[in-house]
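Two complexes are shown next, each including chain A; its partner changes from chain B in the first to chain C in the second.
Our next item is the complex of A and B:
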């Protein structure tokens, strides 16, 4: 009976399959690549869109309180997609390249989310551990090929063209924002999913722009610049995001138009506890007197208090 | 040249044997000192994990007491521990200290590397005497571990309350003051003999608790507020999955043995975490909880320092394991502000709950077939 039912179910073609891409965490860096990957596989791609209060609250209620805010928010995004898609895609980033690694939480992300959603979500994952090689990636592409019923070689080729090659160039060059202008600037430091998320960053970047500052972020620099300015951990394993931020901070020190730096950090982030400390020590050692402010935010941070601190910091710079 | 080294639980006993046998000059920071801990906290970034703060405190204490060389070992991997050294050196140098820093990554330790690092200390010593010192230190690691395991068995069953604690306190005092392998060996043997003579209640059946979690806190009785002793004195038998010997075994001995089988607990973690490594020992926390929650233990306690990334990931899965296997899991998160009273209350409540559950299980069984009711209440 079961057998009959199974066969009776009309086979979905790939264009009927909707893959959800949570617009959170590393999708700020690689979202487009994965969107391209799944579109080329013939899937319909659906994104969860900007973080809303509802997504945030949902994530907070699904996760244990110890988890950092970005993971909570991410869980909220997946939850929003779980209801309206067939699969939700979560990459498992372990290492993005030689001597690069990711926060342990990226390594456990698909599992954490699956369990926090009580196994009520179909996940697709691709494992990236390029420091060690491509073996794990191949295995996970294999299961995507099974799930979608597309032969492995095709999946692999699309992956190589849409994702791997682009990640490689990204690792080598880095994306460059349109030329840095010579005008008063503030460097905004932090993980992409903190500084580019309007909700989590309390609109920090727009607020600075409104005050007529040019806003520079790690993305304003090429990857080469970020890596060559690393004050520590050159050619040694360190967290990729950490290296990006550390290198940027020290590169920004050399730009005369940068008037101050703001580090936006989620409460109790393990990586930031190291990175912010290294930045502050580096600033101190170089004796450049660069105004530096670390703002720690969590789900309870109020916007009023945030704005007050920002105003005070900008007043100090303009004096 | 005077060496200093940080504490992690009872590891100091073996480190002392090693340094004594090599005839090296060293200074050992005091065991379990609140004062050194405070200094460490005051000079550490707020959100660094507790082990960092404690280790830094030990280093500062060591340098203040004439040491000029720091010995530090870690097991590498995707966690902050790998960067402890970089940050600590920077902090200490900016505090004005001058010192030699020797770093061991136990996961990649080779004889060559050890010889290169320790070279200056070993001049004039024969290879044989170096190997002998290492072997004696290695033996001590496992002997110390066995002694503590025995004490956990005895403590929860002792008739005269406090006997085990007294023997262990005396042993620790000796271990801290005497020198050389022979003397440590004697202290170990004596303590073992005394423990074996402690009068115990053989009919008493303690609730059994397995301890999982971050390795530094799990094995360091000072930072974990003596969890093994506390639970033992509440009449619970504790099995600690994360002793110092476990660490040496995982990261050192296993690395040297070419025969590479996947760890049992990593295997057991797979249904919950589809990967082999989530940094630190997080994957072992998951695997051990799964392995030990099929009837061999009445409850599991996960313990970790505030902001510990691998254990936060692991914690997510423990609720699921508890639901599936029906064994209660409690998570304790420690930081420098953790108060003793609240901590004891939580431990007591957990032990009471486990005891209640166990009694109920026996009662259910009793109704089916009359069996001799084991004594579950603690005697003293």
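Our next item is the complex of A and C:
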């Protein structure tokens, strides 16, 4: 089915084609860019919306037990979209910059989803592989051009304007984020798809805001700041997201209004196991008095244990 | 009439109640097995208190433990606090300059670090309950040794054998192997105590420096075998407070007193008579949206007293008819 669709000229005009964007994983970082990209290509864009219990349950039942919770949730999102869209778009994030790699699960995400959904979904993909420059990434736009019947140059130009340049801008903007206010703050660290997913994060950010804390995340800092604060390693982290979080942690240490840091991690995340260890060592070595807590979450929906730790952590800060 | 304060700790394994007086002295403590029925255990405890203490005036009540929310709905509480805070308040009352608190309960274990009387770090066990009280309970039961005697057995051992402590399932099979190859019960039990201590220190303390005075509390603190294994491993003396098994409840009582002194409001405690009411809980899976929240409803004599567990507030707001 996929093979046929890839080569056949579309029967519909592009405005009739609905492209599904799973509101999960890197959607939290670049969702708007991809939405803009497909709108400009003339497609109708449909998002799967916030993770619900139903999406989570569906994802868990579709995936093997070995993969991490975010991948299960992502599969649930794709499954929800598969029924109501013509194509589901899954960018294959391989590398976001020179000498940086993304988690192997990102690199294989479209394949994993295809297998877990038994090929019952039409996927559109693009390879984001900036380690080797931009050529490979641009070449991978060919399949989108074929699928939508839009000539390659047009697709490429829209990609450059809607996505690539915006990613570049993020890397180049100035050093201080103007949005950070001078009030008691908690830094929430972790992958964007963990900390911004209300279901997976058990509402961590809203719970902190309710307690009148300003919540800072790696997104509160520019990429430039995140990268320039990577002294913990002699070298940078192999994984892009890892470098982001590590750099953010050390940048937050310099902000006097940050009263504590909470690291939210999905059970069995390989990147997090290294990053949290290095943050803890850094805190220990520099003798900074920064309260730091790692919370590991998995499938459990009982929030009692989570709330206990959060409450105790905030009590400790307010003491 | 003298004011008294009530602290309630509803944990996974035990439900503890403590009554303190104006001088923070414990005048009565009750330690009950929760047996999976927290409401029954709690109301039973309240009835015992009424029978033994008569009609005393409770001026403040606090709840803690994993069932603290449920307990506050059943008994009525002025303050609902997490276990970490409750335990550290109680320990500081006994040893003001305490630096490390180790607590091993039924399914939870925690370590709390303090500096200048302020909590500066803490850790709780994650998804795994290996190395907690219920695991020891289970092994004691399997070996048909009363859990109270477990510690004595360990101390009699001369050559402890090594037991894998990473996981309760592996530990159990390891113990069975050792037993079948002829190791004595004493040596196996001491090996188990040492494995539990190793596991606790590597999972919770994670190489952080443990400074004395160290307090050891929670139900497992009664086990002299574990206490000895900790002292041997750390080279520090472990202080086991007199009310080691109800420290959470003691902390809740102290917190309640502080709270009512501050707010000067009458207590939210429903009174001991309330324990004779009929309590009923049920869970409802809401089908209002795709979140499928599990809502808990508590009824007292047939009337809804509280609901929680919903994300949108449709159920927990009692003034709205559902």
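Heads up, the rule we're going with is that the second predicted complex is superposed on the first by the 296 of 319 C-alpha atoms of A that agree within 3 Å, B and C clash if a C-alpha of one lies under 4 Å from a C-alpha of the other, contacts with A are read in each partner's own complex, and residues count from 1 in each chain.
Basically, contacts are C-beta pairs under 8 Å (C-beta built on N, C-alpha and C of every residue); 3 or more make two chains touch, one makes a residue touch a chain.
What you are looking at is a predicted structure, and each value in this text was computed from that prediction instead of being measured.
In the model built by aligning both structures on chain A, chain B fits alongside chain C without clashing. Put chain B and chain C next to each other and count what each touches on chain A; the higher total goes to B.
Once the two complexes are laid over each other on the shared chain, residue contacts for A:121 go to neither chain B nor chain C. Once both structures are fitted onto chain A, a short way to say it is that chain B and chain C open up an angle of 80° at chain A, using Cα centres and rounding to the nearest 10. In the superposed model, A:278 makes contact with chain B only, not with chain C.
Once the two complexes are laid over each other on the shared chain, residue contacts for A:304 go to chain C alone; chain B is not touched. With both structures placed on the common chain, the touch criterion links A:202 to neither chain B nor chain C. Contact with chain B, but none with chain C, is seen for A:112 once the two complexes are overlaid on the shared chain.
By the touch criterion defined above, A:94 lies against chain B but remains apart from chain C after alignment on the C-alpha atoms of chain A.
Of the two partner chains placed by superposition, A:45 touches none, neither chain B nor chain C.
Once chain A of one complex is fitted onto chain A of the other, the partner contacts of A:67 are limited to chain B, with no touch recorded for chain C. When the two complexes are laid on top of each other via chain A, the two nearest Cα atoms from chain B and chain C are 6 angstrom apart. Residue overlap on chain A between its contacts with chain B in one complex and with chain C in the other: absent.
Within the complex, the chain A residues that touch chain B are 63-64, 66-68, 92, 94, 101-105, 107-108, 110-112, 115-116, 125, 127, 232-233, 237-238, 268-270, 272-274, 276-278, 281, 284. By the touch criterion stated above, chain A contacts chain C in their complex at residues 52-55, 57, 199, 203, 267, 280, 289, 291, 296, 298, 300-301, 304-305, 307-309, 311-313, 315-316, 319. Chain contact summary for the complex, chain B toward chain A: residues 45-49, 78-80, 82-83, 86-87, 90, 94, 272-275, 277-280, 282, 306-310, 312-313, 315-317, 319-320, 333. Within the complex formed with chain A, the chain C residues making contact are 66, 69, 81-85, 118-122, 124, 126-127, 206, 289-294, 311.
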